[in-house]
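In the two complexes below, chain A is the common chain; its partner is chain B in one and chain C in the other.
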Partner chain A sequence: MPNAASSSAATVWAILRKECRSEWRTRYGLNAAVLFAVTSLTAVTFSAGRMPDRPDLLAALLWITLLFAALASMSHAFVREMESRTLLLLRLVASPTEIALGKLLFNIAFLLVVEAITVPLFLVLTGAPPVRLTQFLTILGLGTLSLAASSTLVGAVIAQTRSRGALFAGVSLPLLLPVLASGVAGTRAQWDGMPILADVRLLAAYAVALLGVSLLLYDHLWED
Partner chain B sequence: MSSGAAVGVRAEKLSHRYGRRATGVDGLAFAFDGHGTVAVTGPNGSGKSTLLRIIAGLLRPTEGATTVIVDGRECPAARRRDFLGLATPELSFYEEFSAMENLAFAAEARRLAAPRRAADAALAVVGLAARAGDRVAAYSSGMKQRLRLAFALLHEPPLLLLDEPGSHLDEAGRDAVREVVAHQAARGLVLLATNDPREIQLAERRIELRGHGLGDPA
Partner chain C sequence: MIWRIGIFLWIAATMAVALLVAPLVPVLQETTRVLYFHIPSAWITVVALGWSMLNSVLYLWRRDLRRDDHAAAAAELGFLFCIAATVTGSIWAKSMWGSWWNWDPRETSIFFVLLIYGAYLALRGSIEGEEKRARLSAVYSIIAFVAVPPLIFVVPRIYSTLHPDPIINTSGKIDMDPMIRWCFFSMLVGFTFLFSWLQSLRVRVFRLERRLAA
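Moving on, here comes the complex of A and B:
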């Protein structure tokens, strides 16, 4: 008999695979996210031109692009289950924590795919100065984890409410501000040649706190 | 998974309210052990579906409690899904997937040893084997109802909760329901929420919910 942890891992893996297959079939989120990223970057570049000497603006633009490209799609992770009335199916085969962890892993994978397309495009179109790869990827990775954790948590909490769309934005904003602030500051610092340790610590602590709170909360969700 | 396990379902002082409105589940108490079929009957809104959801661990009752006992041990609400199958009109499937993909996913999430074989077997029981590869979006209401039954049977649970299982079904589908209930009753327990006289006849015991605070076991 497998132990509880490996059993849960198998269920989480099944949910992650289901999410990936569903996204591949429907392209529900990816097309919208990439379209948003490409359109906004192109518009800004046409308007403001290349700006290699403005790391402050570049850092803000990068995180705003990533944030909105990702959130527009990730907010639907649970909303889609509610609207297509498939959440009951999930609840009958997995615990709330397993469901949420599967969604979280999918959101992380989704963000990585969006970033794999968006970030190189951003660096080329805006003429950004060369990045310090390790620092840049550390900030990006921790920011990705925090973004995915917060959007999964908020998506799970608001899934059964009536005004899901409005609530998602309202509840997400205070949760995302620290991520955005640290992400922008850390990205700018790596371009300026400044230390990024403080921002890395803050992002890491925030990601751990979000994941910890999420794991405590998930099993109490959806108890009618 | 839990095939052939001895199962019992009990309720004590069970009540549920949506806001201020009481369902027929009000002070309900019963105890069913062993094999067989129990019909849950009552007028619309009397709480038949609510009762099944409470037993399934999906809904916390306003008052009282239900207990599911498997092989002599009380099953915690959070693990009940492993020992029961629920088919209800509220259950929907991923329309972008085929019936086989939906059930294979459910079987994987349930950690069954051979997910596709389990899905194949369940689809065969409800007569959907020939259409297993079709996307659910192309299914009729009756085919979706058969798929709900297959989903409930997938892990061969000792406790089967069927909410209006014959809805949308043709005669062949109703025959499949009768066969499923007869087979399950021989190896476990079936709770059948229905007002259809043909389905009520399948049960040897009955809980009658009378609605608005009058619910009690008949």
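Moving on, here comes the complex of A and C:
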């Protein structure tokens, strides 16, 4: 059994590396995501102006920007396989769960890169007050986890429908509304110096539930 | 046929007693009456979505398309009753809180549930091939149901809400009059039978459609 487990970990790792490499070759997804994030950030900060004394608005705008940037780009992990017709080949060498886990890790890494560029820029452009780093990063990290988990599962489902691109955001967003709500509440609370425990708990529970249920569902994503 | 008449008489009789005889809750006053429609609708929403999730699990397990019929029908009805709960809640909020929509945690979470199942129906509509549609819809329905318990049961406990919970909140600010309680539970039973009847109809339509297509 440890042999099987380690070989499937190796497969997941191989898929993650393959994803990173094919992304790095074209950088089309990453470029699009970062460009979209920075552009929408510019639109938001330009039209709303600097607002160092409005943590409520800042929290809302930050999460909306992040969510939109993620939704604009995160379906491509599976859609790309469909468009280049490489999914069958991938399925010959790996089980559905391994494929999905590899893609999940890739999506997490992808989001972290997008956030590493977007979030500091957002804080600078809006003149936001200094964040409480541990709290801020905890909330952001848990949000990222939920975002990646739901995007991976929904992305795999959407890739098999007729209207791939158009449907992805519409189907993902409702699932992410609880993340948006508690993410915004928690981010605002850390700026206001209030306790964030309730929000963190909700975010963590939701992330764990999404990940756990996804793991059970990955095996049913493909068939034929 | 006998079911249909029975359900009709049951709900009509309860409605008559609830609207004409049952007393009003002091705080809620005339708006007490919405309780007999609003809470059963919300209850049926949760029951229907739970039934949809359960049948989705069974479909993935057994691969029996009849399970998918049940899952789809329940999701449609859950969506419908969710709209009913949202609208009656909004009407109540207008007279008690002074605005149709206030983003109270209760309002927020029911609206999220509405959107999630709207997405489920949109997704269903865009998948070709009934096996594939059944499988992918089941996957989405199960992941969607992950959001329901936190939204319905956890969010209103964590964030402060103005929503009166006379049933669940047993330490309650509002004590339920026995008459109100009878009408309420009778309505709950009536709605549950109404749902199971509508569900059986919808499932039959799905089955006939499939036979027609074959």
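Everything below uses one rule, namely that the second predicted complex is superposed on the first by the 222 of 224 C-alpha atoms of A that agree within 3 Å, B and C clash if a C-alpha of one lies under 4 Å from a C-alpha of the other, contacts with A are read in each partner's own complex, and residues count from 1 in each chain.
Going forward, a contact is a pair of C-beta atoms (placed from the backbone, for glycine too) under 8 Å apart; a residue touches a chain by one contact, two chains touch by 3 or more.
This is a predicted model, so every value here is computed, not measured.
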* Asked: Of the two partner chains, chain B (first) and chain C (second), which one does A:A10 touch, if any: first, second, both, or neither?
  -> first
* Can A:R85 be said to touch chain B (first), chain C (second), both, or neither? -> first
* Which partner does A:G127 contact after superposing on A: first (chain B), second (chain C), both, neither? -> neither
* Asked: Of the two partner chains, chain B (first) and chain C (second), which one does A:S214 touch, if any: first, second, both, or neither?
  -> second
* Asked: Just which bits of chain A does chain B share with chain C as contact spots?
  -> 223
* **Interfacial residue positions of chain B with respect to chain A in the complex** => 53, 56, 58-60, 78, 81, 86, 88, 90-97, 101-102, 105-106, 108-111, 151
* **chain A-touching residues of chain C, taken from the complex the two chains share** => 60, 108, 112, 115-116, 118-119, 122-123, 126-128, 131-132, 135-136, 138-140, 142-144, 146-147, 150-151, 154-155, 158-159
* Structure fact -> Given the complex, residues on chain A that touch chain C span 150, 153-154, 157-158, 160-163, 167, 170-171, 173-175, 177-178, 181, 185, 198, 201-202, 205-206, 209-210, 213-214, 217, 220-221, 223
* To do: Would you tell me which residues of chain A are touching chain B in their complex?
  => 2, 7, 10-11, 14-15, 17-18, 21-22, 25-26, 84-86, 88-95, 98, 219, 223-224
